[in-house]
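Input: one structure, supplied below.
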Amino acid sequence: MTIPAAWYLIVSALLFGIGATGVLVRRNALVMFMCIELMLNAANLALVTFARVLHDVGGQATVFFVLVVAAAEVTVGLGIVVAIFRKRHSAIVDDLHELQG
Amino acid sequence: MTGVLATARTVPDVLVFIASAAIILGGAVGVVASKNPVHSALNLIATLIGIALAFVEQQANFLAAVQIIVYAGAIVILFLFVIMFLGVDRNESIRLEPLSGQRPLAVGAVAVVTGGLIALMAAGGWYSGATSVIAPTDPSNDVGALGKVIFTSYLFAFEATALLLIIAVVGAVLLARRPPASLDAVPRADEHAVAAGEELT
Amino acid sequence: MVYAAPWMLACALGGFVVLVAFGRRLGEPVAGWVATAAIAAAFVVAVVTWIGLLGHHNREITETLFDWLPIGSYQVKVALLIDPLSVTMCLFVTGVSALIHLYSIAYMHKERDFTKFFVYLNLFVFSMLLLVLADNLLLTFVGWEGVGVCSYWLVAFYFDRDSAASAGKKAFLYNRIGDVGMLVAMFVLFTHLHTLTYLGIAAGASTLTGTQVTLVAIALLFAAAGKSAQIPLFNWLPDAMEGPTPVSALIHAATMVTAGVYLLCRMSHLLVLTSSGRATIAVVGAATAFVAATIATAQSDIKKVLAFSTVSQIGFMVLAVGSGAYAAAIFLMVAHAFFKGLLFLGAGSVIHGLDGEQELSRMGGLRTVMAWTFATFVIGWLAIAGVPPFSGFFAKGDVLKGAWAYSKPLWAIGLVAALLTAYYMTRLFVLAFTGDPRFLKAVGGRPALATPHESPWVMRLPLVVLAACAALAGILGPALDRFLSPVFASTHLAPLSSASSDSLIAIDGVVAVVGLAIAWWLWRGRVQRPALTPQFLARAWYWDDAYDAVLGRPAERVARASAEVVDPLVIDGAVLGVATLARRAARQLRGLQNGYVRSYALLFAIGTALLLAYLLARTF
Amino acid sequence: MNTVAIPSVHYIVILPEIILTVAAVGLLLASSLVPGRLRSSVGTGVTVIASACVVVDCVAQWVDISRHGPSTTMAHVIIEDGFSVVAILVLAVSLALSALVADGWLNRERIEGVELHVLALASVAGAIMMAQANDLVVIFLGLEIMSIGLYVLAAFDRRSARSGEAAMKYFLLGGFSSAIFVYGIALVYGATGTTQLGQLADFLSTNVLRNQGLLLAGTALLLVGFAFKVAAVPFHVWSPDVYEGSPTPVVGFMAAIVKVGAFAAVLRVLASGLFTQQDGWRPMVFALAALSMLVGAGMATVQRNVKRMLAYSSISHAGFVLLALWAASPRGTAAALFYLATYALLVIGSFAVVTVVSADGREDLTSYRGLAKRRPLLACSFTVLLLAQAGVPFTTGFLAKLGVIESAVEHLGWPGVALGVIAMVATAISGYFYLRVVVLTYAAPVDVSPTAPAAPTLATSRPAARLAALGSGILLEDTRDGELVDHAEEYGPAPARDDATVPLATAVAIAACVVPTVVFGVWAGPLVELTTRATMLFHP
Amino acid sequence: MQSSALLIALVVLPAVGAGVLALVPRLEGRVATMVGATIAIAELVGAALLAIGYHPNGAVFQDASTQVLAAPFGLFWRAGVDGISVLLIVLTAIVVPIAILGAPERHRTRASIGWLLLLESATVGSFASLDVLLFFLFFELTLVPAYFLIAGWGDQRRGPAAAMKFFVYTLVGSAFLFVGILVVAFLHQSQAGGALTFSLTALSSTHLNGTTGVLLVLAFTAAFAVKSPLFPFHTWSPDAYSEAPVSGSVVLAALLAKLGTYGIVRFDITLFPHALVTVGPWLFALAIASILYGAVVACGSSDLKRLLAYSSLAQMGFVVLGIVSLNQAGVSGAVLLMFNHGIVTTALFLLVGFLAKRTGLSLVTGVRGIQGPAPILAACFTVAMLASIGLPGLNGFVSEFLVLIGFFGAQGWWVVIPTLGVIVAAIYLLWAYQQVFQGTLVTPAGASISDLDVRERSVLVPLLAIMVVLGVYPKLVLDRILPSVVHLLAHLHAAGLTTTSVGLR
């Protein structure tokens, strides 16, 4: 239990970065959601780490709420994907560029 | 860094950390890199488990459990369900990138962000906050501590989640529900392509 | 009685107002009679004032009407200065004007804008009187501009003739250019003396520095050159002949054009303080007298000859002013008003008789058909030529005496000019009145003219009166001198010995006769002598062409360029350039808004990266 | 040890959330119990009543505050102070007005059911949480509640693919930004050991951080999250698309409540919680503000679609509020509050008009040509709303701009002055596109035949003069290259569908937006006093 | 106190009238003209009462009134008049009814009259403001009606463009003014403490160090230079003036332009005496450039309205020249010139409008020699033209003379340059006159040209009368403005700069 916070934080930062990259480079809406989940998890990891080193439950509580939010978001997000799919049979976001300028 | 490394630690901890880190990052890369959404989802599960491992390693056992149950157990399943439901479980070519310059810029920007975060955290001494401001941790009974906090300091937030879930449910229902035919009675000027699409389903 | 002076103005102004109000209803000829009556009344008032002034021992009476405008703490007043000079001016201005008004009634018979003509004429007389009566420079300037604008209107009276319109414009503009001088003079005087009244200036002039005085003198000379058609601004006057002949007689011979001389005389107390300034004035005068005389010898249009002769005569006056012989200048001015008015009216009568023909080459032999005109014209001719004992002889004699006393070379130039005067006037006379009537046969596509008729008595009466004055005015030279001299600053020149003065007079007489004889001998029975009328002179030393080439056309080009290139494209271009740049930038930014959610996300990432980069830079 | 002391609850404070939630849930139950689909007007009624109750509660809170001063409740995560009360007031009013606007739209589109109102109620509840929150976690939850509601609302017009696209974009970027936001919370937490703004401020005021890197990184990420919500450049890209795609009545609502909620929260976080760190975050805000004002205004000038144009203009407005945030002073906070209050009305009103005029889906500017002929009053209201947004004197819009610019210049340093100038230049630019629309509404449809008979003036006289005319044309190139002309012809003069009358509810809403804009523009005292006093009651 | 009510009424009345016209659709067409004219004439009567009630040697600012509008923003109603503002308010009250009666619009009369009235309110308001911020409010407000007048009733093709150019250009200019105002106010607050105030009298006591002062005076003057306009910020004006309807051109040239120069007189001198002296030479340069450049371009102009626009530019140059001379002669002359130019330019633009109805305005391709068929039109034009040229005996001369003599007192022999400007003015106006009125009669398609009708004459008569009266007896006005000018220049004394009646010694 004496792993320095730094290590975890670096991991979380990397995870955050990978997630962000995913959002930027993947074209499938579902995969993009997943990448957003990765980023949220990165945040969670950081929170828990801080909670440990600060001997404070607050961080963990925050993680708890982030989890709820993540769940809610995914629900709605998937709903949107389904709605879109009904219309254009594709989950590729690049197909959506009618609105521009 | 060196200062941090200097602190004493036990071998198993290190091993566990390395394991979890490997799983986390590997899974993450898998999510981003795998052609097939299904594989991405599976990789996501790996990452989540890795995270859970890291939680356990940091005495957040309850959260680790929630992580497995809610995330791996519910969210990812939901993902997979939708993937299958929509039948988009085909491979897509990762190589292809219609937007010119997207990837280099993306990598560059993300690199700056990640590097920047790490550097700034390091500059800030990784953590500088006062200890146990909200409530002290209780390694023996983290569930209790957590629960207590949620029902005291975060009472309002906890109640707010109720509304959050309600709205999420309503939204999901509203979105996923097939629009009643009556609504399509009025075809829109800007949607001939769509009308065509409807016939296919 | 002196205090009647304002009524002079009142009469002229009254006539003007009445005509503006009811002119159209009065119509021809009543309007003309009203106008004439008004001016005649003014003349009467002038006489009354004059008599009143004679009764006064203090002959500098200022009569304030009302405060006009405050310059800071100083009040410029509308006030009249009644002194010998102004009264003299009033007398001959109103007198000559009255006669010419009368003459015009017949001359302008059946003109379209008959009443308007008299409106202008009355307004002109009013302005002229204001000019001479004003007790300060600023008020004089009002009259000064008033006569200017009236001359603009009257020269352009036949507005549907482009030549007339342009001539009027030219006259006005040349006057404006001269005005710069007057304004500047006022600025300097007021800023340093804190007054604008003539008496104040005369009193304070000595407190000015030499350079200031000289600058003012030059400025005033410039103003006078504009108004009185002196070099370098003289060439508007010939064009001004586009106006009806009575106008030429009144404005461009008798009165307005002499205003410059009047102004200089008014400022005599200032001029005496600057020898260099006076030298300039004298030289300009002499030069003008000579140049204009040479030009007059080569003109073929009767009115053009008279016009250049006017320029030349005024040159003599300015020469007199420069040489300090102010009284002589005024004397010549009065005499000139008579005989030049007479000559113009005579010419007008001729033109009238010949249905508007002005070419000397188409005249000749009028002696028989226009007896009255002929007789009076002879007097005018001899008078201007300087043949004793007519007025011109004495007046010009005084001027030349002054010139002799001031500088021999200028005197010599003056003498030559006098010779030329006699020459070109004789040429004019010979060509117009003697020989066989050329107007009877058609020449160069121009039809033969009917035998001209003598003008009606309303035109003849003024001729007779003026002829009388022109003949006899000479005798009141000494009286005038005595009457005026207290007004002027004395230039401490050695008075001429009676012997030398007599010889000078003799020389003048001889010169006049010689010039007359030469012309008679050269032009008797001859119409064309190209050798004696070279283009150089006919085209007035190419003066106009030079201005046009050096100033006119370049200026026009500059104006066009700035209106069509500089303003829309350069200055406005800069403004619009900014606008277009902004729009371009907006268009470029629209490129970012390409509708692809992933590039939006990328923009996010970049934005975040930038913020963090800033923090990094800030931290390390 | 195992007894949990539930914190005291000052119910009057959280009553707004309760009211709205109850209303939402009640509507849901009703619609599920009642056979057949519930008439949407019922939803409207309930919503309006609910928001009325909220307004009443606001009055009660105001009295309470002015008696006992600002306070916190529920373990200090909820604040009751003048600022929050006014913010809630604005939100409630916006909700009611939007509901009225939506009502007309729903009837016209023959959409039954109460979902729209449920979602609206819920998201306003979220916005209110943000306005009251004293804790990053609560702010985050409020943000999510509000956003999720709006994601769904954006997708509400199920027949329009654009609506779906809008929702997808909004959601993806929203999720992305929330993730960033959460990470920001994590970092701030790590740096200070708490997520509660009060404790955070205390900690920062008592301790001096050896190095602020961690804290500022967190702040920056939080800022990104907020900047996304308020659509500040460069995090604005989503808003034009979303505004264009979403159902029009929703857009006004969206623009209003998001800005109010998010700005209320960010003001709390930065101007009170992280006040001590201002030399760290103010430069960032400076950049955001300047960019938003200029880019927003500039981009709006090249738009042809009314909703997009308004979207960009609202980006510019966000920049103005950021100006006040940058000021980080009581004056700034008051100005921001005032700006938000006025802006909410303006934007809702404007989009209400658009809802009516663009009923047939024609959102091109040219469809406003000749509006004055067909609907004088509507055109008049639109004129007032647009002029107010352009900041014309004697409208609330001018006072709002005055306030924020004052707050910036108050610092008397170069940055403040520069921001002031930038703001005014942006105003000038914005005048360009607002007036262009207004004058279009008054132009007669036939006016613009390219061969309009013109007196033989400059253009016909000299080539260069023609150049000049052409030059001045560049500024309004529509008249030069005849864009508007072409469009006008391609659409024909007056659309047929305009005979449809303005629904009463919508009319009421528009009136409710226009009248105060003018009245308070001239008789400005009360509103300004209110916001200022509210800020004096700002918690710590 | 009752008279202060009068002032407030003067500001509010036209706006109310505009509101009525806006809200009552029935008042269309001639009725609108009648209503508008009635209100405008009532305004004129009120302005006359104000002028009569004003005591030249009484308090500096009379009929003063103060009212809180939005205290936290420092927004107060502070109004009052001194000789200068009274004069300009009267000018406004004279010009607007004449614009309404002289050039009524054929279509949408109601709206056009409404905008005119609103503009009158804004203009009177800005002249009456004793509060810098309040002034700015009205200053900005004028833009809106002006914009709509040009865009709505001007040339159909280029009107909107010109209007937009005018609007944006002016607004960008006033950006600096606005920020400048705020800076001064906050500086004052930081020095004097207390609540935020924009009261002119309060702010005049603000101490500014060199650079700040210069920057501020530049910021202020930038806006005023655009509005006046001054070279090189003038390019909006030819477009706006020539594309606007007649009434629009009239109010633009006669009233709005004065706001700029009035701003310089009222605020630059009061707030930044020192800095103004520092930047004086530059302003002189701008003014002289405006005079010469305006005159030269006018000479090259081919369109009568554009020509008048450029001549206005030159006239405004004279005004600024006089103001910056910072001595009694110069400033009083400048103020008088503002009034005179307002009157003269109104007459000229009206005449141009009448001309346009008959013939069109191009000087190169248009008609010629219409003095024959339309002598009265020609006569009126001549008088107005001569007044504009500065012919003694008409109002223009007095003001120009005072300005020039003041400038001579301040800058000496440089005076020759602007004096030359006077001549060039004669050149282009006479040229224009000759092109249109003189020469052999040419009418478009031999159309018969009618002379001025009764309405046209009756709107011109008062203007011409004023030209003559003020030419003969300018004291009438000068006596009322001189005390105010003296008081204004007292700020310079306070700043340790002494002025004499003509010189700045």
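When the chains are written out, they are named A, B, C, D and E in that same order, and each has its own residue count from 1.
One rule holds for everything that comes next: a residue touches a chain if its C-beta (ideal position, glycine included) is under 8 Å from a C-beta of that chain, and two chains touch if they have at least 3 such contacts.
Everything numeric in this text was worked out from a predicted model, so none of it was measured.
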| item | value |
| --- | --- |
| Chain-contact steps, minimal, separating subunit B from subunit A | 1 |
| Shared chain contacts [subunit C and subunit E, defined touch] | D |
| Most centrally placed chain - per-chain CA mean versus overall CA mean | E |
| Reference subunit A; chain at largest CA-centroid distance | C |
| Most remote chain, CA-based centroid, reference being subunit B | C |
| For subunit D paired with subunit E, centre-to-centre distance based on mean C-alpha positions, whole Å | 40 |
| Separation of subunit B from subunit D, taking each centre as the mean of its C-alpha atoms, in whole Å | 30 |
| Inter-chain centre distance, subunit B versus subunit C - centres from mean C-alpha coordinates, in Å | 99 |
| Cα-centroid distance, subunit A relative to subunit C, in whole angstrom | 96 |
| Multi-chain contact residues (two or more partners), subunit C | 563-564, 567, 572, 579, 590, 593, 595-598, 601-602, 605-606, 608, 612, 615, 619 |
| Residues within subunit D bordering two or more other chains | 137, 141, 144, 148, 151-152, 155, 158, 161-162, 167-169, 172, 176, 180, 183, 187, 189-190, 193-195, 211-213, 216-217, 240-241, 429, 462, 465, 468, 472, 475 |
| Sequence positions of subunit E contacting 2 or more other chains | 165, 168, 238, 302 |
| All chain pairs that touch each other | A-B, A-C, A-D, B-C, B-D, C-D, C-E, D-E |
| Of subunit A, residues touching subunit C in the complex | 20, 23-25, 27, 93-94, 96-101 |
| Subunit A residues touching subunit B - in the complex, by the definition given at the top | 1-11, 13-22, 24-28, 30-31, 33-35, 37-38, 41, 44-45, 48-58, 60-61, 63-65, 67-76, 78-83, 85-92, 94 |
| Complex contacts: residues of subunit D adjacent to subunit C | 168-169, 172-173, 176-177, 180, 211-213, 216-217, 220-221, 223-224, 227-228, 234-235, 237-238, 240-241, 280, 283-284, 295, 298-299, 301-302, 429, 462-465, 467-468, 471-472, 474-475, 477 |
| In the complex with subunit D, residue positions of subunit C that touch it | 563-565, 567-569, 572-573, 576, 579-580, 582-583, 585-587, 589-590, 592-593, 595, 597, 600-601, 603-604, 606-608, 611-612, 614-615, 618-619 |
| Contact footprint of subunit D on subunit A as seen in their complex | 9, 16, 19-20, 23, 29, 32-33, 36, 39-40, 42-44, 46-47, 49-50, 54, 56, 58-59, 61-62, 65-66, 69, 72-73, 76-77, 79-81, 83-84, 87-88, 93, 96, 98-101 |
